[in-house]
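Below, subunit A partners subunit B and then partners subunit C, in two separate complexes.
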Partner chain A sequence: MRRPVRTALAAILSLLICGIVVLDLTVLEDPPRPDDSNLLAVETGAPNLVSAVYLEARLYDTLFELLVFTVAVIGVRFYLSHRPSTARSTPIPESHVLQASAQILFPLILVLGLYLAFFGHLSPGGGFSGGVVAASGLLLCVMSIGLDTVYSRLSGAGVERLEWALPMMIVAVCVLPLAFGRPILSNLLPVGQAGHVFGSPSILLLNALIGLKVLIGSWMVLHAFIHHRGEI
Partner chain B sequence: MISRIVLLLLLPIIAGVSLFQRRRLAAVIGMGLFSLVLAATYLLHSAPDVAVTEAAIGAALVTVIYVLAIRRTGRLLVVGDEVPGLLSVEGGKLVGVEVDILDGFARRLGFDLSIQVVPLKDVERTLLQGDADLGAGGLSAQPGASLHRSRAHLPTALVRLRPKAGLDASSEEAPAAEHCEYPGYFSDLVEAIQRNDPVEATLDMARFLAVSRTDLSRWSVDRLDVPRSYAFVAAPRREDLRDQLTAYIDELEASGALDEIVRRYLS
Partner chain C sequence: MAWLNGTTIAMILFAIGTTALIARRDLVIKLLALGLVNSSGILFLISIRFRPQMAVPILPAPAGIPIADPLPQALVLSAIVINFAILALSLVFIMLLVERYHSTDCGRIEHAVEAEKATLESQNLAGSAPESEAQEATQ
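Now for the complex of A and B:
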């Protein structure tokens, strides 16, 4: 088949699939929303049962997920640090479209990341996805103004120390109840009204810490890859 | 309901297609597409939390990291000047003996071949800077000390080209051949000769054949008695690549494929 014909067929097929999905989404029935009578939602103050489960009922599992992520970041940095740096300044992007759109999109992506992290107990999202979304915003910045500029603006070393401090802080939050004579991993902060932003302060705190941790961790992985494997 | 079925059917198709891509970049993009469709599937199955994470990590972050990782390893970057018959652009496509050899070699290694046309004088500089893996384009001279010359794939000879007007007894002595290979783009030299500019250059056979299609009555042509042959040049610290390429050319010659390629372009 000739190339233009193939391209056209692929485009038509993609449009068709996108159309079907969008049509289906518009008539999508609302996912079953937990009402106030739901025990877990009332107990934790988080209508989003997913975060209620993984940041309250199964916080223990989430801690080890964080450990996996931390080990992955350490591994990337350890194995890439031996490689020579590509040691050349990132070329100025030829595309002004990229530069202009990065200026507009970066704040929006950052806000979306913050929203996903801070409203994780109310709506879909959470610290993990919020952190990654914010990191992809940083990636867009790297493409537009260069790695070194972004790195120096983030003041590299302090950010790295924070990366190691955050897991400690999260563990501390989980162990702190011991000091008050309560079982480990239990919730110290008062539960408010379910559906309110501060209705579930402990999930909010954990989501914020995890979001920051994932943001810095993803940024460090991206930085290591761009720094040692080639310009973006 | 339809879209769930469509998307679920699409998943194994995308996975299979990206699995059987020859180019690594295409495979990585296929993986990103897979993640995107998977995210849509999660969304339709009332798992928006997972969908958001899958879209952010699978479609965006992992794709970028893979692209960065294959950027250096998945690509065979070759620089060389255009030489008709060996490496030249015809109808928007690179063709020639060296292109065929490099194409087969890259395929053997599972790399994407990327050939960049640079002037002859920039080939060694680019290699020394680490901006390319191999140099090509009718290289017959011995390269600099830290570069590695592969096995020769084609014998050649040197021809000295001088304007006839300047031909007197004092300039009879030919300078060392290395110093007068034409350093710029070969196509510029051809144009200069067509304009009858009094340029002088030492050319190898392939370049001379291309030049000799124009009227050379105002130039004196001497064949130099220097045995030469075309080869590829590998970047510093890429002895491994040189050795693999040498082995590949050996193989081509043994199977007779090399003769066939040469006959196809330089009959």
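Now for the complex of A and C:
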């Protein structure tokens, strides 16, 4: 098939799909719903209703989302591990401004990431965004002192074993309520006063574990790409 | 201009992304188009439940203002993470394909794969013929 014909056919097809959705939407109305947001906050102890939804009411979704993330990290590492390394033996020297500011900024970025992860049930944030923020701090470190230095320090701390252990721990937190006679995927720890830091300990625990998991997973992806495709 | 809200913009972005996904042959552009489709889905989910002047879904909310629906926001959170996972994994696959076939054009890659398959089959035929002769000889 010739190229303009193909493009036109594709455009018509996608517009058709859009039209079907638009037709559906004209039927879709805003149903009156009871204001049950207070109920959800009291039930979970988390004033941030978004994290109450995705770590409590729809924990099943989040569990499989983490599974997708883990599989992607494993896939990136597996398919790149057979490639020869193209990283330089000595990192490209960066400017003194970057080197000096990275030393000051890295702890601050790490603390910000931890704050986002640990206070995800009280304020905007959560494990995913906190982990990504902390991983961007690691990227800044890589740019200032080189990949191999950061990698040797982190692997000395047992990061790779932790990467395997963390999904198991998250699944354990989801399954353990069975041992206490409660349904699976329910609160592991008792709910406290809403609005307090320890008001919803199970959401706090899950946020901390997910933040660490996302931090280590993003670091693994970063390391694989930089190690096998050259220095940044 | 009342029709130009988030929903219709999401539709237009979806149409552009799907068109590029089908019609363009470059794998990297296909990946960018997939990202565009994903973003349009995120915009769609957020904007179908958007009502003007709603408070953020964090309690305690200011009195008298209804709270926005937290469900689409929680769904979008999953969509963003899965988009990241898809992007990272398919970049690796494109990287491997480019290293092997030296092209990001999916038509050329298909031709190269078929040519490889044809040479492999002819080699197998050539290799299996003497073996069967040898088996016949032993029998």
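Convention: the second predicted complex is superposed on the first by the 189 of 232 C-alpha atoms of A that agree within 3 Å, B and C clash if a C-alpha of one lies under 4 Å from a C-alpha of the other, contacts with A are read in each partner's own complex, and residues count from 1 in each chain.
One rule holds in what follows: a contact is a pair of C-beta atoms (placed from the backbone, for glycine too) under 8 Å apart; a residue touches a chain by one contact, two chains touch by 3 or more.
None of the values given here were measured: they were computed from a predicted structure.
Trainee: Of the two partner chains, subunit B (first) and subunit C (second), which one does A:Ile20 touch, if any: first, second, both, or neither?
Mentor: In the superposed model, A:Ile20 contacts subunit B only, not subunit C.
Trainee: Once the shared chain is lined up, is A:Gly125 touching subunit B (first), subunit C (second), both, or neither of them?
Mentor: After superposition on chain A, A:Gly125 lies in contact with subunit B alone.
Trainee: A:Ser155 in the overlay: touching subunit B, subunit C, both, or neither? Say first, second, both or neither.
Mentor: neither
Trainee: Determine, under the contact definition given at the top, whether A:Ala10 touches first (subunit B), second (subunit C), both, or neither.
Mentor: It touches subunit C, and subunit B stays clear.
Trainee: Check whether A:Leu116 is in contact with subunit B, with subunit C, with both or with neither, and answer first, second, both or neither.
Mentor: first
Trainee: Have a look at where A:Ala135 lands relative to subunit B and subunit C in the superposition and call it first, second, both or neither.
Mentor: The answer is first: A:Ala135 touches subunit B but not subunit C.
Trainee: Which partner, once the models are overlaid, touches more of subunit A's residues, subunit C or subunit B?
Mentor: C
Trainee: Tell me the contact category for A:Ala52 with respect to subunit B and subunit C: first, second, both or neither.
Mentor: So A:Ala52 only meets subunit C here.
Trainee: Kindly classify A:Val221 by the partners it touches after superposition: subunit B alone (first), subunit C alone (second), both, or neither?
Mentor: both
Trainee: According to the stated criteria, A:Tyr79 is in contact with first (subunit B), second (subunit C), both, or neither; which is it?
Mentor: A:Tyr79 sits against subunit C, while subunit B stays out of touch.
Trainee: Would you mind listing the overlap between the subunit B footprint and the subunit C footprint on subunit A?
Mentor: Shared contact residues on subunit A: 17, 21, 25, 28, 48, 50, 124, 126, 128, 221, 225, 229.
Trainee: Per the contact definition, I'd like the list of subunit A residues that touch subunit B in the complex.
Mentor: Contacts found on subunit A: 17, 20-21, 23-25, 28, 31-32, 48, 50-51, 116, 124-126, 128-129, 132-133, 135-136, 139, 218, 221-222, 225-226, 229-230, 232.
Trainee: How about subunit C: which of its residues touch subunit A in the complex?
Mentor: 7, 11-12, 14-19, 21-23, 48, 51, 56-61, 66-67, 70-71, 73-75, 77-78, 80-82, 84-86, 88-89, 91-93, 95-96, 99
Trainee: Give the list of subunit A residues in touch with subunit C in this complex.
Mentor: For subunit A paired with subunit C, touching residues are 3, 6-7, 9-11, 13-15, 17-18, 21-22, 25, 28, 30, 35, 37-38, 41, 47-50, 52-54, 58, 61-62, 65, 68-69, 71-73, 75-76, 79-80, 83, 122-124, 126, 128, 194-195, 214, 221, 225, 229.
Trainee: Give every residue of subunit B touching subunit A within the complex, in rising order.
Mentor: Listed in rising order, the residues of subunit B that touch subunit A are 1-4, 6-7, 10, 40, 43-44, 46, 48-49, 51-53, 56-57, 60-61, 64-65, 68-69, 71-72.
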